[in-house]
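Both complexes shown next keep chain A, but they swap its partner, so chain B is in the first and chain C is in the second.
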Partner chain A sequence: MGFTRRDLLKFTGGTAAGLVFTPVPWNLLRDTAVLSENWPGIPRPADGEIRTRYTTCTLCPAGCGVRARCVGDQPVSLAGVTGHPASRGVLCPAGLVGHHLAFCRNRAAEPLANGKPVEIEYALSAVSTAIAACGPHESVAILDPRPGRAASLIYRRFLAGLPNAVHCAPPDAQPYGRFSIDLENTRAIVSFGVPVLDGWLSPGRVLANRGHFQLIQVEPAYSRTASLADLWVPVLPGSEDAFAAAVIRALQGDTSDPRAANVAPILTRSKPAIAVGAGAAAGALNAALANIGRPGGFLPRRDFTPAIDIATLPDGSIRILLIEEGAGAGPIPWDLLRRKLVPRNSVVVALTPWLDGCAQHADYVIPAPMYLESLDEAPTPAGSTVAGFSLSPALLPGPPKLIPPAEFVLRLAHDSAAYPDVLKQRVAAIKKDGRGAVFTFPDGKSTRVSDVVSTGDLWKTMLGGAVWLDDPLTPSSTGFPARPVETVDSPAPTPEYPLVLIAADSTPPHGSPLMSKLYRESGLRRSTNAAIMHPDTGRGHGLADGCRAIVKSPADAYTVQAIFDPAVMPGVIEMAMVGQAPSPANIRRA
Partner chain B sequence: MTATPKPARYGMAIDLDRCTGCGACMIACAVENNVPPARPDANPRTGITWMRVYQISNGAPFPDNRAAFIPILCQQCGNETPCAAVCPQEAVEVDPATGIVDQMPQRCLGCRYCMAACPYHARYFNWWDPQWPSGMEKTLNPDVATRMRGVVEKCNFCHGRLHAARARAAVEGRHELRSGEYMPACVEACPAAAIVFGDLADPASEVARLARGGGSFRILERLGTEPKIYYRTARPWVRQAAAQPRKEPAHA
Partner chain C sequence: MTKFQEHRGKILFLAGLLTALAVGWRGFPVMLFQHVPQPVEFSHKIHTGKAGAKCEDCHSLRDDGTFAGTPALDKCSGCHAQPMDTSAEEKRFIDRYVTPNREIPWQVYSRQPENVYFSHVFHIKLAHLDCRQCHGAQGESDTLAPARVNRISGYSGSPDFQNMAACEECHRQRGAANGCLACHK
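What follows is the complex of A and B.
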């Protein structure tokens, strides 16, 4: 009996089929899979000495202390500094990945003039010439996102030498003037749409104090803060002032508005109480609560540097506008800025690390270092009742053609000083005054400034990671701004625009690619392409759940996905916005 | 003679009434464990988040609606661990010394049986090779290896940190870790201090005390998988929601 070709095939096929039912192929797969882990396409982490370095976050005004774990000189993770008096050991999600910003796309890496690369000397000369050509009724303005820094002092010195010059700030940069909130002693907060538990002031400080204040959230959307508030009062968009007036009446004994009557006893029981938020509503309620200049309310601090709100400048008055944009800056309302520029021959200079912000509208782009790429400063932490100052030492090397905004202005002013020299002057002034204490990050200890031996020692301490906090001032109510913030314009629905569009979540304009975890990969934060509405609202406008739609407002139009959610106030559309919420919107089927 | 360390049973107690849904835990986890950013075409089904915070709702219409945030990570099942039971590659292992359910991507075949078996949807598949923007590879954590396309990964309570803590203890001649010496990245990053981590086997530990305390519960407890993640809330509707199987969002 011979062994035919057919037998061979049958044997081979049978063996192959049989092998599947034995552990052999599986063990082979298991034991060889490890080889594929090392193929060249998989990035490998760098190796090196692990070190800890300290700095201060400058992405937002909170000024949180940062502990960086570095491999060699490269930060690989950031964390908060335990015991930091302002940030209490906490970093927000954006701060945790601040070391990734340097690797983001859309970075400004070289000076541009009308979109074309130029040398920095060319840009300096062109801007100087433009400033010299300014007419008698035209002004030079610097838009300073955080007045009160040493950089702001440089701007003011430069502008002081020009005939028509304005040091201005974005509309919401100084909401309470030289006053800040004494959160540690507050027992109740009435918030008119402020995200108190979602990034307000310094998140660590707010959450550390959360246990001892009642939170009443007044806003139409059921936001993160509303979901964690002790009481959520959903009001119609634009009716905040009326509700505040009703609460004031309820405090005086008039209980005709049942919702206000619910709020008033909480404020009476939990004193001191404060009101925060946009508009005159909060201002009027604060006056009624008599909390200005009192512990638990709004307290003054020393270092306030006033800057003019750019919204208050006359339209068509600025010829040369220098805009400083930070690495973590929110969007600058370009429509507002454009109105302030002279109609013809205006010059806009963007001092920015980004190409996709105000640089899009600028004649000259001066590339600024990204966060952690150069020595920077963090002034008084947002909401702190005492003045403060930190240095933010560089942890990363930056591309060669970057120039800090303050350095650019110094060169424009033909000032021989360098930006670090001005920072040293600030530290020297702190040492000379001798007030307050320095909290050092590495050892978590506080030392009185008067106990620091010399200015050089103080500078060295600050460079190693430290925050200086002033002594508190005697409480006083003098100088509290009458209207803390401009009222948000939210007119009533009209036949043309029957719905109200509100910003229910904020989307940062820039961030680490890892922020995709919160947006696209999990849906924890809403993305800008979703419009959430009550099912009745959507159906009333001919929409189906999940369909594409166009949301149109007088200012803009957005192509979005309509999502029905019965939890949304009828007649309202909630959208995540990069900028401010547009006013009443129209909606139609896409 | 070398002393054998007492077996630990690491677990967490998460206070849902403190969680603000900020997502700092998700970001810290991704940084610590070298989880790559999403590809442009990624979505909640294909994204990788070892810890994912979900927003849950009581289902009531406006204005009676209420919401809560619930962080879901590998529940570190202590009984009949479903993923370990189904893995044909022995790529999932419950460490008897720590109680941590470990995933070995080197062994993983990518069959995704474990994903199907996991009642908590806490396992993630690498649909693509990991990619970081140019230069950002320098920011990877040297204590954690990156994973390739085609393997499953999940939370391992920051195993790199456990090894580092053990190495520090060994240098000091200790066999056991001190309380708080080892802490996953999410616990460290939570601004609300909503997550408490520790050894559930130590009755004196904070996490054990919270796990025993009133208002504490585990997700899908009726399955009997003995998760080591405990949740706490004073809101009854949140507890009820946690007992239900997760529904896929309509617009994922």
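What follows is the complex of A and C.
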């Protein structure tokens, strides 16, 4: 009997079974995966001289110091700067990989007009012509995400030469006005929805001080910050003012509200305390806590350039809108901006590194350098008790057609000055004032500005990696008188609309839910049409997890996918709507 | 029907199984790696013994903390500009490399992949590790073993190549950072 096909199959079967018990399949899997790391086209750091260079992160207002390990012209790893007075040696996940942003496929690399590539001179000429053609009741506006910088001064000088122009900022650009937060001496924070432990102020500063303040997180969802807070108080959206009033009454002895009765003893024994958050609730509580202008509370700072909130401008009043995107600010609410534009013939110019965001709605896209591609300024770190300034020197060469937003405006103004010259003027002003000290990153030393020999030396020091911090103002022992705070009527649920619809952050931190180890499970399933709710709320309205549903509010209706998440308190629906106020709503299966 | 014919299927299956086990455990490791001889028959024993050299005399840390690695030719030609004894291997070395001033293409046993950041200065100065802990008794060897190079991945398979599991285990035992970014920048 010969060797048949059946015999071959049996032998092969035995071979296959035997191979599973040998290193062969596992080694082949591992080694071919490793092989794929070395294929052509896989980027790899160049070999070459290794240098350490210093800069300041401008991805957000925290202004963290950055130590970059560079091979030739290429930064290959970023780390914090030990001893940095603002960032305390910490870099967040976005800061650690900021040097990858320049390779983002979605970046703007050349000027565009209505989506088509053009030369920069064409864009300049077209925008200048449009500005010149503005009517007497039509204004030119520049939306500045971080007022108070040297770039802001350039914008204001340009706008001052126009008859009807306004320098404005997004709604949340200056959340604390001229006040800073004395976090080092605060002993309790009542946060109305502010992500205190998840990207607030400078993360390193918050972490360094976390051990000595109690955190009470007041918000409807069990957010990342709520999960690490000392106390989470879920309140229905729109009832924050009432809760703040109940806490104030509890501080005075009225413990009828059990949740407020839990919070008041914490605030009594942990003083000084502050409240943070948008709306009247935080303001009312701060007035009661008498923390304005006092140590451990909100301290005034020397530098503050107030900017007009674009939300306060009349609708339909802006003809030409230049939007600077990036510069460490959050997403720009396009719906709000659109309302401010004239109904016809408006011109939107996006000065941006990205092709998404405002560039999608802009008539002209002017490609701005990405972080680390050009010399820039990092102004006072968010919440710092003193004014600050540092330079963010470039570490990477960028594509040739980039133009910093401030340079574009200088060219619009036919100003022969270059942006670095304006930064030098800022450094010269610091030297002239003679206040404060400069912390140098390479050696971790602090030098009084008055001990720096010349402006040239100060400029060179800043370029080599340094931060200037002003001398503090002396806090008042009596504080500032609190202004009366208006309460805002909040929409209450009704039998027809028994739920409350709130806007959830549509993008997870740093663009990916995996950039934080504290993600909510629903964060992995989030999409623009997701409606997140507590399972009891969903089932109570006849829904199943993942089913299609319709969310209706008095103003609008949305077709959504219902996602159950016990981290959201019952009675609340979270949806991805940037900047919209809470509203009553109902939901039913589609 | 004979017993063999009765159990033919099972016997063939078993034969295949045993063949796979033999090939997988004996043949595959041999085939997977190619053995690349070192370009010079170098004796650590003579250099650390008779010549009295220590590891750091040739494998040193530079002033900026970077590791010099395998010494360059000038380190060897500092002593071997002329033959120091009568061995044929030394003469061959001088003729092939010292006289024409040609760098020696050493095979590096412990080169890590491109995506790994390893710093000798941290491990020597901060962790106070001895060279032998990772590189074994290399300093006492009389010859250099051929380098084992994985034919598929191109990485080293030599005994003193520290793979990720070995690094993690040592870090775990000593309480050192074991997160991804500790080694993969």
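The rule we apply is simple: the second predicted complex is superposed on the first by the 438 of 590 C-alpha atoms of A that agree within 3 Å, B and C clash if a C-alpha of one lies under 4 Å from a C-alpha of the other, contacts with A are read in each partner's own complex, and residues count from 1 in each chain.
One rule holds for everything that comes next: contacts are C-beta pairs under 8 Å (C-beta built on N, C-alpha and C of every residue); 3 or more make two chains touch, one makes a residue touch a chain.
These numbers come from a predicted model, not from an experiment.
Visitor: Just chain B (first), just chain C (second), both, or neither: which does A:Thr15 touch?
Guide: second
Visitor: For A:Arg6, is the partner it touches chain B (first), chain C (second), both, or none of the two (neither)?
Guide: Only chain C; A:Arg6 stays clear of chain B.
Visitor: Once the structures are superposed on A, label A:Leu28 by its partner contacts, choosing first (chain B), second (chain C), both or neither.
Guide: Touch partner of A:Leu28: chain C, not chain B.
Visitor: In the superposed arrangement, does chain B or chain C reach more residues of chain A?
Guide: Comparing chain B with chain C, the partner touching more chain A residues is B.
Visitor: First (chain B), second (chain C), both or neither: which does A:Ser77 touch?
Guide: both
Visitor: With both complexes overlaid on chain A, does A:Gly41 touch chain B (first), chain C (second), both or neither?
Guide: In the superposed model, A:Gly41 contacts chain B only, not chain C.
Visitor: Is A:Leu207 in contact with chain B, with chain C, with both, or with neither (first, second, both, neither)?
Guide: first
Visitor: Is A:Val568 touching the first partner chain B, the second partner chain C, both, or neither of them?
Guide: first
Visitor: Residue overlap on chain A between the chain B contact set and the chain C contact set?
Guide: On chain A, the overlap between the chain B and chain C contacts is residues 30, 34, 37, 44-45, 50, 76-77, 96.
Visitor: Provide the residue numbers of chain C that touch chain A in the complex, in ascending order.
Guide: 5, 8-9, 12-21, 23-25, 28-29, 32, 66, 113-115, 117, 150, 152-155, 181, 185
Visitor: Show which residues of chain B lie in contact with chain A when the two form their complex.
Guide: Listed in rising order, the residues of chain B that touch chain A are 17, 20-24, 26-28, 30-32, 34-35, 37-38, 42-44, 47-49, 52-55, 57, 60-63, 65-69, 88-91, 105-109, 129-148, 185, 188-189, 191-193, 249-252.
Visitor: Which positions of chain A touch chain C when the two form their complex?
Guide: So the residues of chain A in touch with chain C come to 1, 6-7, 10-19, 21-24, 27-28, 30-32, 34-35, 37-38, 44-45, 50, 69, 76-77, 96.
Visitor: What does chain A use to touch chain B in their complex?
Guide: 26, 29-30, 33-34, 36-37, 39, 41-48, 50, 71, 74-79, 90-93, 96-97, 99-100, 102-105, 197-199, 203-204, 207, 210, 222, 224, 227-228, 234, 512-518, 520-525, 530, 534, 545-546, 561, 563, 566-570
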